[in-house]
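Have a look at the structure below, then the notes.
Order of writing sets the chain letters: A, B, C and D. Residues in each chain are counted from 1.
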């Protein structure tokens, strides 16, 4: 798909994620696209980025791709190896994490994320991963970036279970719960969204080249705010694509190549 | 003094302190006599004793005497080097310390210790060391052993300042403050005391050879409970004296030789 | 002088039915796999397990019906799949799950380790995790007014597991242990627990421990049993010792998709072997294990 | 790539009058002595300092009138004597002392480090320390009912120093630092503080840091300045680097017994030298310092 454009959708999303990271920031990441986005940012415009894995790893420089945070491949050449209390406690809960990446089974229009279960928690349901550090990041990072596949069964009017709160029920409700921060971006394989400052409802920010507004909306179970003019998402540069393919994910494990 | 007996009063006190430690116990110590008592116990009847220094040192085996806990000489060959939070938090405050040694400027008949100031805190006073970990040990160790010189100005009716609470105002008042444990022994250069279980008042347990009951009482500003029969303190064995002089404090720094 | 060396069978036998066991695994690394297999063989029942991130050790125990309750922050086998047995237990109601986030469980261990009666946390607010905990663990969460700001804060009750079981790279016979790589919740688990069992890849002299006292992550005086058992985390990885065994974990993830598959897995790898050494033969013996041995620079 | 190397003068200049500075010293070891001397030379005023156990760095600053408040758990120069300047300040009422115990201060740093709004503690109850804190720091202590047991618990407010200044053995130019020997309150000080200044005996490459990531006690991303300055703790000791200089500490303890003596000490060792290098010449230069160099096995 989109081979003629010289990049894949995964690469486009990773580059969009990287673009959200400013130099000098501290970012909490999970495995997969967030790792690719963070390493890409660090190798390009944000060399002073600090990359954290919740289990106690800071600024690794892996040369092999791993199957998850538990894979020592992704710890290689870290500057610090410590613990949950150190990373999630004295960095994240302390308020030092600028950005956290979050993924999920479902997200609603206020950016509430579900990674726990599908179905009715009081009836038949299927249980998945749960929170891990996701709820902690959603609660204490200064802002979060949500990465999710663009499908109607994932972009939901209401999620089955709020694992990681976004803006909860919109305007004022996150503050009422005692939480600052909140999601700043949602990056899907069709578009990028932010949240309208007043209502905290998801708002279309850009559409990926090769997609139409109709396709974007057709695969959502709620209506996002759609401004009059919606630009196309800035595509990856050839150098960004090369870095992902040759250096960051040469085995194609994260991108599923 | 007492050279004809083959031991000094310091050695007698150190041996008395060592005798209070049971094998397998965890003991929090400061520099000086407590160090000598603990190392002596560990080399004789209590090889499984665990010795803690508050700043983050476990089970050292020094070969040179140090000027205090801050002296790397006393950290030599430790099994663990960590921190206040580790030792005073996850061991002492967690409730794992069996015995703590405490010294001081003054002690009263309920075992309340002053290491902070002499004089009237609201008028003229002279400020000394303060608590360090002493208050923490007095609050959280299962029992404490007090080491103090036997002088009327030190064994006081009331102390100028309670740095480390003993039984506070006697029967029930320690429990009322939310504290368990409490002092089990007071070792001076003339006698050993415990605390009467009901009133929690200091009670004479034994008198050191070469001292009389009259001398003991004359140098106290309060009246301890004196049982009908008061035995002499068991003297050090030649082997205990040898260990102190040749191995534990060869330079005589702790004992002031 | 104070040796605590024990066989795996002895260490496992010391754990009574119904005990709360904190496990050191994280997803597919440093999991107490040999320990879990022996727990199953000894027919232990009704255990509670806890860990910040649910891992393969907890999942195997759930599959074998050894545990009736799990206190955790969610978990998976990383890219190998879900925790099939834990999830099935939750879905079918046979396993009580008190589900938190990683930090909430870490803070509960930390509070337990420090001997403090409660610890405030910002996490969980506004989430269904909190709503569900009000039902599954109402006695472990509460709200308190911060006396300094007046704000209302969620506070968590400390965890005090009966036993922490920690898989380490290096230990002496007193239980002083080194953990290389990230340590996730292990240090707090040990300090929160009443007693600790250390399962070590390598046994060293206490003299060696004294040479690097800053590395000692587990204090020997909190340890009751030291089990020296190479490859005891197989098929999960031990940083600096051996890599995870991808084929074995794939087989596990595949077989545990059904209850029948779980039984077949247990028959093959747990009940079908008499001990850890026979297990290692079953998975391919020295030839297989040599291939997993970690490169000293890479650590995997 | 992200060098934070600074001169001592630059690092000290970054600290505004009135700031709260957490100091890494303990009695007579790893004290920020060169840093304290430069603070005095730059005429800083009205600082608050904190440390679990009061040390020679704080005492020198008290003697020079740089600090107006100390938050600590008591302290001394070990067998060399009392903290004459701190004690005199307290006795004469020129120094505000908020006096705790070692663990209370450590818990206040820990709460600050964890971003929690309060932390319960068993210490201080039934003591005059608590009674005096009710007057000197009424806003930093409170009692809260434990919602789980109903018991009343003392809780402490977190400390959030503006700057932590930590004397270490090894650091890279990003501020990732290794501390050998016990670390007392230093790790919590750094994590509780807004920013950190690392003063290091040895500067190494980040490549070196990556070889032993478990040793990194201070995370570079919390550090704003790295000052590479050998013998910067003199006359106090740095484990594995050099021993304390007993004669110099004795001289200090002797001279600081009077205000006049303090002034003479400052004239000789602080105002009378233009910088750290001249100070080192004044105390005997390379010949003297060579004698203090630590034996690699003993560490002193």
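Rule of thumb we're sticking to: a contact is a pair of C-beta atoms (placed from the backbone, for glycine too) under 8 Å apart; a residue touches a chain by one contact, two chains touch by 3 or more.
Just so we're clear, the structure is a prediction, and the values are computed from it rather than from any experiment.
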Chain by chain, through touching neighbours only, how many steps does the shortest route from subunit A to subunit B take? 2
Geometric centre distance via CA averages, subunit D-subunit B, whole Å: 28
Rounded to a whole Å, what is the gap between the Cα centroids of subunit A and subunit D? 41
Subunit B residues touching 2+ other chains are 81-82, 85, 89, 93, 140
Subunit D residues counted as touching two or more neighbouring chains: 115-116, 121-122, 151, 153, 180-181, 214
Draw the chains as dots and join the ones that touch; what shape do you get: line, ring, star, complete or other? other
Tell me, which pairs of chains are in touch? A-C, A-D, B-C, B-D, C-D
Looking at the complex, which residues from subunit A come into contact with subunit D? 24, 26, 47-48, 50, 58, 61, 77-82, 85, 89-91, 93-96, 140
Tell me, which parts of subunit A touch subunit C in their complex? 31, 53-57, 64, 67-73, 75-76, 81-85, 88-89, 92-93, 115-116, 121, 124-136, 138-140, 161-165, 168, 173-174, 177-179, 253
Subunit D residues touching subunit B in their complex are 26-29, 52-55, 72-76, 78-80, 82, 86-87, 90-91, 99-104, 106-107, 110, 121-129, 132, 151-153, 180-188, 236-237, 239, 243-244, 246, 294, 298-300
For a test of understanding, state which residues of subunit C touch subunit B in their complex under the given definition. 1-2, 113-116, 174, 176, 191, 206, 209-210, 213-214, 216, 219-222
Mind pulling up the subunit C residues that touch subunit D in the complex? 115-122, 139-140, 142-149, 151, 153, 155, 157, 180-181, 214-215
